[in-house]
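So that you can tell them apart, the chains are marked A, B, C, D, E and F in the order they are listed, and the count of residues begins at 1 in each.
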Amino acid sequence: MKKGIGHYHIGDAFDDFILIKSSARGVASNGKPFLTLILRDATGEIEAKLWEITKEDEEVFIPEQIVRLTGEVNQFRGKPQLKIFSIRPSNASDGVQVEDFVAKAPVEKEVLMEKLTEAIFEMQNPSLQRMVRALVKKYQEGLLTYPAATKNHHEYVSGLLHHIVSMLSLAKELHTLYPETNKDLLYAGVILHDLGKVKELSGVVTTSYTLEGKLLGHIPMMVEEIGNMAKELQIDGEEVLILQHLILSHHGKAEWGSPKPPLIREAELLHLIDLVDARMNMLNRALDKVKPGEFTDRLFALDNRSFYKPLFEDN
Amino acid sequence: MKKGIGHYHIGDAFDDFILIKSSARGVASNGKPFLTLILRDATGEIEAKLWEITKEDEEVFIPEQIVRLTGEVNQFRGKPQLKIFSIRPSNASDGVQVEDFVAKAPVEKEVLMEKLTEAIFEMQNPSLQRMVRALVKKYQEGLLTYPAATKNHHEYVSGLLHHIVSMLSLAKELHTLYPETNKDLLYAGVILHDLGKVKELSGVVTTSYTLEGKLLGHIPMMVEEIGNMAKELQIDGEEVLILQHLILSHHGKAEWGSPKPPLIREAELLHLIDLVDARMNMLNRALDKVKPGEFTDRLFALDNRSFYKPLFEDN
Amino acid sequence: MKKGIGHYHIGDAFDDFILIKSSARGVASNGKPFLTLILRDATGEIEAKLWEITKEDEEVFIPEQIVRLTGEVNQFRGKPQLKIFSIRPSNASDGVQVEDFVAKAPVEKEVLMEKLTEAIFEMQNPSLQRMVRALVKKYQEGLLTYPAATKNHHEYVSGLLHHIVSMLSLAKELHTLYPETNKDLLYAGVILHDLGKVKELSGVVTTSYTLEGKLLGHIPMMVEEIGNMAKELQIDGEEVLILQHLILSHHGKAEWGSPKPPLIREAELLHLIDLVDARMNMLNRALDKVKPGEFTDRLFALDNRSFYKPLFEDN
Amino acid sequence: MKKGIGHYHIGDAFDDFILIKSSARGVASNGKPFLTLILRDATGEIEAKLWEITKEDEEVFIPEQIVRLTGEVNQFRGKPQLKIFSIRPSNASDGVQVEDFVAKAPVEKEVLMEKLTEAIFEMQNPSLQRMVRALVKKYQEGLLTYPAATKNHHEYVSGLLHHIVSMLSLAKELHTLYPETNKDLLYAGVILHDLGKVKELSGVVTTSYTLEGKLLGHIPMMVEEIGNMAKELQIDGEEVLILQHLILSHHGKAEWGSPKPPLIREAELLHLIDLVDARMNMLNRALDKVKPGEFTDRLFALDNRSFYKPLFEDN
Amino acid sequence: MKKGIGHYHIGDAFDDFILIKSSARGVASNGKPFLTLILRDATGEIEAKLWEITKEDEEVFIPEQIVRLTGEVNQFRGKPQLKIFSIRPSNASDGVQVEDFVAKAPVEKEVLMEKLTEAIFEMQNPSLQRMVRALVKKYQEGLLTYPAATKNHHEYVSGLLHHIVSMLSLAKELHTLYPETNKDLLYAGVILHDLGKVKELSGVVTTSYTLEGKLLGHIPMMVEEIGNMAKELQIDGEEVLILQHLILSHHGKAEWGSPKPPLIREAELLHLIDLVDARMNMLNRALDKVKPGEFTDRLFALDNRSFYKPLFEDN
Amino acid sequence: MKKGIGHYHIGDAFDDFILIKSSARGVASNGKPFLTLILRDATGEIEAKLWEITKEDEEVFIPEQIVRLTGEVNQFRGKPQLKIFSIRPSNASDGVQVEDFVAKAPVEKEVLMEKLTEAIFEMQNPSLQRMVRALVKKYQEGLLTYPAATKNHHEYVSGLLHHIVSMLSLAKELHTLYPETNKDLLYAGVILHDLGKVKELSGVVTTSYTLEGKLLGHIPMMVEEIGNMAKELQIDGEEVLILQHLILSHHGKAEWGSPKPPLIREAELLHLIDLVDARMNMLNRALDKVKPGEFTDRLFALDNRSFYKPLFEDN
């Protein structure tokens, strides 16, 4: 069996460290308090009930606490639930850390950053290159670690950078196939399109939306950032406006959050590249969990479809 | 009969000055060139054909030229058309000017600006007041003359200012009726909500969209402006973000151009006030042209509805 | 802490009278019967479980029974639940009555009725005034007490009247700002627009829909009422038809229940006033429950949005 | 060639009487006035231009005037146009009348009325029967002659009655196939469902919408009529409400004009019967005009579809 | 009380045989395993919990096992639940069989098949008749027993055949009322329209979708079948194409699964007949379960409507 | 000036050969017949009027006739129109042929076919390879010459093959970037996805829809073809079904003509690749016609958007 809670089946025994993602107090039908824990590691998450808790339990078993747990995977209302036999908080001598329990991009962030840097070097339009370089530098820390989203696709540490680098490869190949496209503009759009997520999302481990993320969203924030940076770098010329348009329009339609649809060739292509990479990331990871001849779970961000893995796939 | 082309009926004789809005060359079935003129004054516009033209005619009868014209209002394919008996360009001694032929707000722009200034004086939140004051000052010239839109509502000189001042009256009364609302925030939202139109639209007389108007639109541009101005004035605090949200969300829904819907009470109210004032402006002007017992033309921006004026209205 | 169940937090002890809104029998996993009670007072409602009940319990703890209850507010599946320590039915000496536990309009119904009467006095069109007066008289009893809806907005005793009077203030101010509007027609529309609710809804305390409410709805019922009353009062003239149209179209669109959209200026304005007042009522009450810096619960009737209360609001 | 303008092809000579449906004055590129005539007979309509007209022509060639015309069917901008060689108004000795040029139901109205009467005789529920009988009597004149619509289906003299009688046959058969259905209720719904058209439409020959048709529509008007008639006949009982519901819901969905969807079995069936008969009427008439192997014109009321007549149909 | 679980009310005692439809293991709050059973007979289904189970219980109480059960119908979270007092698997001497617990068409399949055969005999177009005959023969076994759907309408043994025969009656009558229609084509469409369900659905008792059902659906599969059969029978001529079109378009719209809408008269009629029969089947069965004066449950496939049975219906 | 009618501007003189695409007779206001010609060459098309024609003219100037024409490009109702000074049919000695006037893929069809053959050679799954090879062979003639559509994208000779080969390059690169994808399946889907167009479209020069194209569409026809070919080649295994699913689902959504959405990873990717290549083809060709700083015409198949070519693009 592959390691990690995402690979357990109903009936499997569990004996490992795992991270508490959330913890909520309830009162059972016998009047005793209990905790509903959401436990996670890098492969997935599972619910567990800790019955008849003490006051100390409530103070110990809190979010971001790692625990040592033995139990069994059961089913409750059609979903897996981890039945707890024993549980204790981890201690220093256990040698476990929060980051061990968090999914990460399948490529090291240093490698990803190197590829990003290479792409920037390839750019020849000085206005575009300078803006991209300055913004990447300004948000480098977040860029190295943030996920690309809170769920659905690339929702892991360095997911944003992974998504960008994967899209850059796509952009490069598409530019070769359609040489009429402006590669520099495409690269700039790819690199900056979701950089606003660094301000929209709250952080890396338990990611939620910031207040400005909720009230403005990453798209208008990034449009403003580009405007500011152009002023700061004293860059004039249509590149600034066009780049702002690429960011603004990359969701493709008003109802998907882009007040203007793509009106520039590279804006249209950026939107399509984003779509392809996000969907392939979701699909590959969902299909990785099933055997040939099986269907995946329903994938919410893919119109709730459940995908089939053909028998002739040797997985 | 009220003066102005908007008040003519089929069969009426015409003998007056009028402004050429557009002019396009065609070739008639007899092989002779002709001009299709769109003529306008402050009350409306009408098409006319100038048959068998000379080269000079083509050079003289161009947009923004005032002409002296005699003719008759006919009907062609169900729409009024001005049959030309005689036409000549105006000259200095005629004492007519372009601005005489352009619709203007029914209130003088100085009066409107005074009312706007009063409203700003009423504001007590220093962050909001300073931002509003600075942005009004920065865009004062456009604010005094721009229309609120290229068509549909307040599409006349100083229409933007007229719309703002009318909405301020609404805001004041609604704040009295719903005292829980924050008047300063509401005022700031009303004053700035469409100020980006000064950058989105090309000018006052023959208004079209600028390139940045087409690629970004007035909403993201104004969000950026507020961010910039706050930096310039070194204003911190949630007011900046909240005000940006009011601007961003004032169209109410993603499909109407607001990537975030209103998530603040005053943002919701701003959206509704904008709706009420725009619709009443359209309705009042359309109903002003018909008699009791008649229906207006179809109003595109009101879902193509045609409105009825009851018989018991004394017009 | 403000009084009332709507103001309790998880962990608070409860010791007070409260009204049973509904009661349903279940069987626990230990095979013993229990009751799921929905308890309410004027500020909100909460679920509670009464475990291991007797036959008598089932007969005593029924809807509209007031009970004396001690307990604690817990959380169950993410929602508050009142854990019962002790419970007994109220008795005569307790001095509590059902109406103490029901939300009421924040203004006394006599005051509201007075304002309504004043508005009717202002009306000068005799046809409209006579119809309004007669219908208000006919349905006065329901008008004084009915809610404006079963949920969402003005869903409290005298909510309908409160909504009408609030809209009348709005109508008065809007007529001042847009003097072209016909005030009498607007008043008549406001007063009668939802009067059919008195026939559509079943009553004041535990409000549901009547059979004719389900099969016809308040809009066609009120259109018919106006037609009947006009016949009874022998009123001729376009006012009858126009008023019927205002009622018919006040939901604004076919998909919202108006087979005809507003085709009269005052019909459009009536629709907008109704929207403004309903939304402000929902928003003010939802925001009243949260502190600055917090978001409200999702508001179903406002597209499921969750609204933010800015930090600079002094609540 | 079948008689009637609907059967002419491009190039055919025309020499017959025909009715002027509408007449509009224009001015040609040579400055001379002309008339655009819409000419019709019972089989269709065609446009014609009458060039270089005199004042008398304008007074003579007006709507509802029959003319004797020779000419040729040409094509103009892809549509047939009748080129006029000679034209004169008909006179008494011509022996032609307006009603000869108007399409009529393929069955005599007396026969239709007899079938309607038979159906009413079949009804056994006294409340339903009395209401139907009274309303049919009240609107008998219009019922005998009105079309069922201004266009799309049964848009000919006695079209409404033809539609009702055809639906009654359907209702009878469906009741046999689904004996659980209440035949009396179904009959009552069928007979009354569109009777409000008699008030919604302006008349038989050049049919448009009345003011109350535009502002209320036939559905709410008929609901009110049924309520009134029940009062007049002092009929109590659920039949009145249920019958009102059938009328109200027979368009099937809010966006199609029914504020309540069918919530009674017979209401659902009424909606479906109406659909079947309207569509078959449109389809049969459109396919009657084409040969096997051809497609019909696009049918607007059938989602703009163009239908194919198979080769194996013997026409 | 009518026999069958579909006719029980809360509080009723149960003592009868019943079939296990599905069985899922869970762990209760006391740590003991239990089974959640879905039990069914021909009249409906109900949930039951079997507490504190043994390993053997898990092996015995599995899908398609008949059990003898005593218990009581309770309510849990608003839905009926069968509280188990005693349960045992049926044995040979009980004389019960799976097919006794499965709903069947109200008419014997032999009778239905006879009617189908008669209809085929009536057909006169040799191409259509031969294709229909051959396909009915090829799929006769499935046709005799398959349901028409997994849920919503005709979801019982021989439901498909029942649906076809009922539609044939409708088709016959509609052809009489609209004699322009091609009866043979209509019959062929009716008989074959859902025959692909025999390949789309997995079987008769616990019906789910086959892999090709999920990936292609019954419509394209049947189009292919008709093409193949025509080749096999060496049938040429437009009938093959037209019949394929009828099958392809019978869902009426692209969003309902028909890539082409009906473009042939009989295709449109087939779609409508299918609609009428499916809806009447659902409605009749839902209304059969309620008393006059009551509403049915919400019917998902009828837009979630809840239908009313009038008081004047004698049930 | 680039050669070809697509590169002319208003006022340009024309003196060249051109092909008649369509010809329609009309009658002018002076009573004389004329022809409306649509003229085309490989770069575009233009309307022209041939006034006062003779009978012979009507017989000579017919579709697919090449003519020698002198004239001038004018504007009529906002669209270019070619004013004819002289016109004559081409003759043998002119050395012009129809195919000179038809747009072709920018790559020779032999080169394209070679690339297709290479891709087939790369395939390793024998079932997929054999089916693809056999179908390409069967439809080779059409595949070499057909357009990919009647309008919008790749609507030129060999457009279908050009589209396939371009998508194969995309598929190859995407397989490299996402190695989890099955390249053989992707190639098979790409090659066959639109092959049904060879049966759906009528031909190469004046392309319209065939009857089976209208009644079935290329998707169900190709699904059937694959099924037939698999039978003929006696290929079993899931590959057949999966490949049929890829074809069936490649439009992505039911409302776009795919009764099943993609439920296989490669089906999703096929849909996206198709989208990218079709859109880039449209965009590149539209932008090729405008200068930097200009907007293209509205592109119907791209939601009617008009795209901007930035100033910094060197054209």
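Note that in this section contacts are C-beta pairs under 8 Å (C-beta built on N, C-alpha and C of every residue); 3 or more make two chains touch, one makes a residue touch a chain.
For clarity, every value in this text was computed on a predicted model and none was experimentally measured.
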Set of chains whose contacts include both chain F and chain A: B, E
Given chain C and chain E, the chains that contact each of them: A, D
Furthest chain, CA centroid comparison against chain C: F
Result of counting contacting C-beta pairs for A-B and D-F, higher pair: A-B
Equivalent interface positions on chain B and chain C, same or different at half: same
Distance from chain D to chain B - Cα centre to Cα centre, in angstrom: 43
Distance from the mean Cα position of chain E to that of chain D, given in whole angstrom: 40
Separation of mean Cα positions, chain E and chain B [Å, integer]: 60
Touching two or more other chains - residue numbers and ranges from chain B: 29, 211, 214-215, 242, 263-264, 308
Overall pattern in which the protein chains touch one another (line/ring/star/complete/other): other
Pairwise chain contacts under the document criterion: A-B, A-C, A-E, A-F, B-C, B-D, B-F, C-D, C-E, D-E, D-F, E-F
Residues of chain B that touch chain A when the two form their complex: 211-212, 214-217, 219-220, 223-224, 227-228, 231, 241-242, 244-245, 248, 254-260, 263-264
Chain E-touching residues of chain D, taken from the complex the two chains share: 125, 166, 169-170, 173-174, 176-178, 180-182, 185, 237-239, 242, 261-265, 268-269, 272, 275-276, 279-280, 283-284, 287-288, 302-303, 305-313
Chain D partner contacts - residues on chain B that touch it in the complex: 10, 28-30, 49, 51, 74-78, 81, 83, 295, 308
Chain E residues within the chain A interface of the complex: 24-27, 29, 31, 33, 211, 214-215
